[in-house]
Amino acid sequence: MDKSDRKIRVLVAKPGTDSHYRGAELLCQILRNAGMEVIYTGRYQTSDMIVNTAIAEDVDVVCLSSLAWSQEKYYIEVANMLKDKGSDTCVVGGGIISKKAIPKLKEAGVTGLYGPGTPNDVIIKHITERVKKERWHEN
Amino acid sequence: MTTKGEKKKKEISLDRTKKDQITKKTTESGFELKPSYGPRDLQDFVYERDSGNDGEYPYLRGLYPGMYRNILWVSAQALTRETPEKSRMEQEVIWEHGAATFYFSSGDVNRTGLDPDHPLAKYDIAYSPENYSYKRMERSLQGIKLEEGIYTFHGASSQQDDVLCVAQLATIADLWGADKTKIRGSCINDPIDNMATAFSIDFPFEIGMRLHGDLTEYIVREMPTFSPFAAIAYDLWEAGCNSVQQLGIILSTLTAYHQIALDRGIPFEQVGRRATISMASSMDFFETVCRIRAARRMWARIAKERFGASDPKLCRLRIAIRTPGQTITRQQPLNNIARIGFQALAAVLGGASAVDYARHDEAFCIPSEESSMVSLALNHIIAQETGVGLTADPLGGSYYVEWLTNKLEEEANKLMKEIEDMGGILKVAESGWLRRLVNSARDERMLALEKGEQIQVGVNYFRLPDEKEPEIVEYEFDDMDKLQADLLEEVRQYKANRDIQKTRQALLTLREKAKTKENLMPYIVNCFKADATRSEILGMIREAYGYTYDTVDMIERPEFLN
Amino acid sequence: MDESKVKILMVKAGLEGHWAGLIVVSNALRNAGFEVIYGGNMTPVEVAATAAQEDVNVVGISSLTANYMLTVPAVIKGLKERGKGDVLLLLGGTIYEDDFDALKKMGVAGIFTPGTPMEEIINFVREKTSAKVK
Amino acid sequence: MQTEQHFSASGIPIKDIYTPEDTKDLDYDKDLGIAGEPPFTRGPYPTMYRGKVWTIRRLTGFNTPEDSNKLYREQYELGQTGFSVAPDITTAIGVDADDPMVEYEIGHSGLPLNTIEDVDVAFDGLPIDRVSTYLAERGPITAMYFAVAEKRGIDLKQLRGTTAGCMISWGVLNIPLQPPPRGYRRYGADFIEWCSEVAPMWNPICHDSYNVRDLGLNAYEELGMLFASAIDFVEEEKRRGRIPLDRFVRRFAFNTAAHNDFFEEIAKIRAARRIWYKIVTERYGIQDPNCAKFRVHVQSSGSTHTAQEPYNNLIRIAYQTLAAVLGGAQSIHANGYDEAVCLPTDQSMLLSIRTEQIAALETGVTNTIDPLGGSYYVESLTNELEERTWEYIKMIEDMGGMAQAMQDGWYHRLLREKPIERQQKVDSGEIPIVGVNTFRSEKEPYKVPIFKPDPAASREIQAEKLRKFREKRDKAKHAEAMKRLVEACNSDENVYPYVFEAVKVGATFGEVSKAQVDAYGVWPYPIGL
């Protein structure tokens, strides 16, 4: 496949009991409009479920969305589980991220971490760049 | 003061001339506005028929004579902390500031119908009080004379949560020997809202409607000073519905609920005098004012014309307003104080019966004590300093306000008629029409936000570079790892140390009764008394209707119930 | 002690024109029974000279523009030069909390920020002057 | 709200409810009409905020012209739409920064503007050809500003802005070295005439009741004094007879405060428009309706702010701003929430601008004109305020007009009593202030960031600049210009052409002021306990 035609495959996932689905659904729409292939897990996912789907669907990136305080633990757990299973799928996270959590999340390889109100192109650019660099190894 | 780089010194960007121009000339609901309104826009307006004075049918100008001069709106604050005890302490601070209600706001775990030991809940627990058993709720009520408080179950946007909360309160009242007939308060109990917005995991609709009726009946019989249901437009607003849609849907809903009560043999007088809706105030100041005024008049007319209410007092609609979290921005959070302030003022000018204030830092953390203080002060400043309560309905007579109120009522009536023609609100809720309506409203709002048609100052208008964003103070949680471990241990102990036979018996009876037409509320109360937990109770009811035990379909029914 | 024996000079040291607070506090102190000299705007030297000439027990300075870190030391210096170093010195207005220590070290006895109940100022003066004025 | 009788903040009795009965005498076309048409009750312009939102204009300045320039740029980039310059107290007095008298005051609550160079620096890089400026001074700095504009190639005939120059607001300051009110008024009249020649788009005077209101006048007293002062200037010009009234009356600007009583403040602005229309057309018989438009800048009221729980002020400011908007103001200054705590910080400046933007762009209250028009309550209150204002104007006129009332001490006696009265009402709880005399929190309140200026440094910088400036200027030309200025001050001639010449050849503000004050002598204020 010609590189330029290659579509980024995304899994948008909502871990835990957080019910706020609008952000995740909006993200799906934004990424689809940007030409990505998007799979949405729906709500109420455990880390296991998310990781299994990510591997089965061979996605380039997992976008985690949660407005609950459990996000820090879930995001790190998902990133670590993917690594443990030998996957190089990128993990990005969104929602309302506590300042204190940011270094820990970055250390675990979770990036993005944009809050509400972030312009769409910032999100798209970040995902594209990270996937191209880390997963497709383009320069 | 910030110093700017020298090289930037000579030019400042001027390309914002366009931004200075206001081009929007429509309201939030999309009504095209004229430059101004005058008496000719109100030619059909008959004061005695369409307005009336304060405290007079059709209550356009307020429910009571003199309004806030005599009865101030109820100030409420939804607030939860990590434990029942900590939530209680916060409540006490709020009481000191004149708020009267005990506000129960359930967290995500309750809202999804799970016990804290559910695998999906493992990281989410202990951020709110987690009333999985009545004992948890009891802990936050220690030392209170139940008959003296006012209890509000409005937090969760989940009907199953309302049903279980009221049952827990009734359980505690029974065990404490309190007089249930004197317990005041309110719950939402609005299954149609859940069908429309699907915000929470809730009962399937058929169960929801049955328990709606059961709860109503139970409250009317056992707790007659408690308000059995309300129609809630707050979630509809958050989901993207405009004022017309909100009014059309919730007034249809409220009508349906009263009809259900009638069908169960409850006279209109017994529920009609507590008719309540809850709405969001939104950023469109005047539309919020008019939405509230229109709702009052619409309900008065419905109560009189459809339900034949004999006493005009039975035509009064109480309206609780919450300033919405969705308009709170993370950028420059202190700006939100002005936003909340405008929304709250609109609520008061509309004549709301209760106002619940958002906190300016909700968009990025659990509300801090500082933001709670500001919200409390906000209430007092409106009440004490601005003088807007000096006279009833101060906007009454304004050409624009009366025109917009009329317009909203007219359009909402059309939607109600449309719903009626399709077989009524229950039908369209069940058929998915309602959900589709809400979804398309949501898509429209998202589009407007994306296109920047909807301006949010500091977000898509004059946004600051991140490094210039002011520092924000985050709420400090207690040690969450420990709190979560402790809670899990507590649940384990609770489940291990109860009289399991008694629990089993109560739950199995509930499941059996759920298959009959009997009112389930007393059986749910019995289950709590027998130390059953929330998800066990929900599981039994679900199973009776042929659904899986677990709301998220992850775990099996516990062994002792086999 | 007898309040009428306590003499208070109330001033704005410097030129700034926000004098409403000064008038309000002066009036409250006078109503409480103290003898109050309303000085209005004065230079620090004038403040010290007037304090000495009128032999006051208390000097109250109001400042709303942060000039107090310059004017207060000048007033104190002037008072000391005139042998009035023992005057009870009060400062009111928008005073920065992180200046409190420095001001106290200089010899400011009481600092009152906006919204302080009048009672509090009156009681403070009463308490502090009861020992001094026989 | 528990008492039987209810009153507005100005003591107007308020009824339980207002109904059509209360507005039955209202003649829509005669008393309200539509915006942009007489009597302008509903707004001075036909499009109002649908055409252009009000000007966001915050009165600021601090430390030095250099630092203030940075601040103005910053504000502009945050979305402010007008400039507003507050000179410091030394400039207001009219002495230069190297005068020993002002040792402690340079750069406090304003910036020092001593020379034409200072003005140039303060406006460096700012688009003053497109954005209007408010100068809180009485004339000479505007002359410097005009000279700077000319130097930048801007046509003075197109230059837009406003000079404060108001008597009643200046009188409040209680500063030394000022001429008596009649002298002040004479220079004001000179300035008005001169401006109508050289800069006809410029508002040469802004009748300003903000300060007197903040000292405790109520809403209709505020309006009464405001209009009495404006009338005094028209009368003065009429007496002098040098230019036709309609030439300058059209350029009168106004400035009021926005206090806490929400509806009273809205009604006040609406009433003011109708009153001014009647003054201009009925009293002075000026035909051109454009002369009768009451155009007003409104500032949220600093005296309502509290040092306790400073964020509460954000709420007060938001409501006062909204009242100004619903009243139909042309320009608004939302205060910094921390003004009772310290000089405004970066953050408070940002929030002020944002508060106005939120009101303008998010609340939708700008979508239609005069949205409260027709409200039984608002219209009744508007009528009531109008009536009471006329009475107050008459009372001042009976004393011989505003300048005379100032000269005779009435004004200062009044302003001495008002803060005391207000404090008594606060003490008794009649005026509730949340966080101060009601719901006062025992808890240690949260901390807000603060800003502290460095006055000693500002003085050094300004003094050094002045020394160099004086060295550099053409001493002969300067001496000649000053001589002519002094002569003009002592004659009946308009002084402003000479002020303009003098500042262009390096006269400092202190020098110009001295010439002006010397001609009339210094006025001792009749104020004290």
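First chain written, first letter: the chains are A, B, C and D, and each begins at residue 1.
Here is the rule we use: a residue touches a chain if its C-beta (ideal position, glycine included) is under 8 Å from a C-beta of that chain, and two chains touch if they have at least 3 such contacts.
Quick caveat, the model's predicted, so the values are computed rather than measured.
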| item | value |
| --- | --- |
| Joint neighbours of subunit B and subunit A, given as chain labels | none |
| Highest-count interface - the chain pair sharing the most C-beta contacts | B-D |
| Between subunit C and subunit D, centroid-to-centroid distance (C-alpha), Å | 31 |
| Rounded Å distance, subunit B centre to subunit C centre (Cα mean) | 54 |
| Rounded Å distance, subunit A centre to subunit C centre (Cα mean) | 64 |
| Residues of subunit B touching at least two other chains | 456 |
| Overall pattern in which the protein chains touch one another (line/ring/star/complete/other) | line |
| Pairs of chains found to touch, sorted by chain label | A-B, B-D, C-D |
| Complex interface listing, subunit D residues touching subunit B | 1, 6, 8-9, 14-20, 23, 28, 32, 34-35, 42, 46-53, 62, 67, 70-71, 73-74, 76-79, 81, 124-127, 130, 260-264, 304, 309, 311-312, 314-319, 322, 346-347, 350-351, 354-355, 357-379, 432-435, 438-439, 441, 445-446, 451 |
| Of all residues in subunit D, those that touch subunit C in their complex | 89-90, 92-93, 101-105, 108-109, 172-176, 214-216, 303, 306-308, 340-343, 416, 419-420, 422-423, 427, 433, 435-437, 450, 452-453, 455-456, 525, 527-529 |
| Complex interface listing, subunit C residues touching subunit D | 13-17, 19-21, 23-24, 26-28, 30, 36, 38, 40-41, 43-44, 64-67, 70-71, 74, 94, 96, 98, 113-115, 117-118 |
| Subunit B contact footprint on subunit A (complex, rising order) | 16-19, 21-22, 26, 29-30, 44-46, 68-70, 73-74, 96, 98-100, 115-117, 119-120 |
| Partner subunit D, residues of subunit B touching it in the complex | 1-4, 9-14, 16, 19-22, 24-28, 33-39, 42, 47, 53-54, 61, 65-69, 72, 97-98, 283-287, 327, 332, 334-335, 337-339, 341-342, 345, 369-370, 373-374, 376-378, 380-402, 455-458, 461-462, 464, 470 |
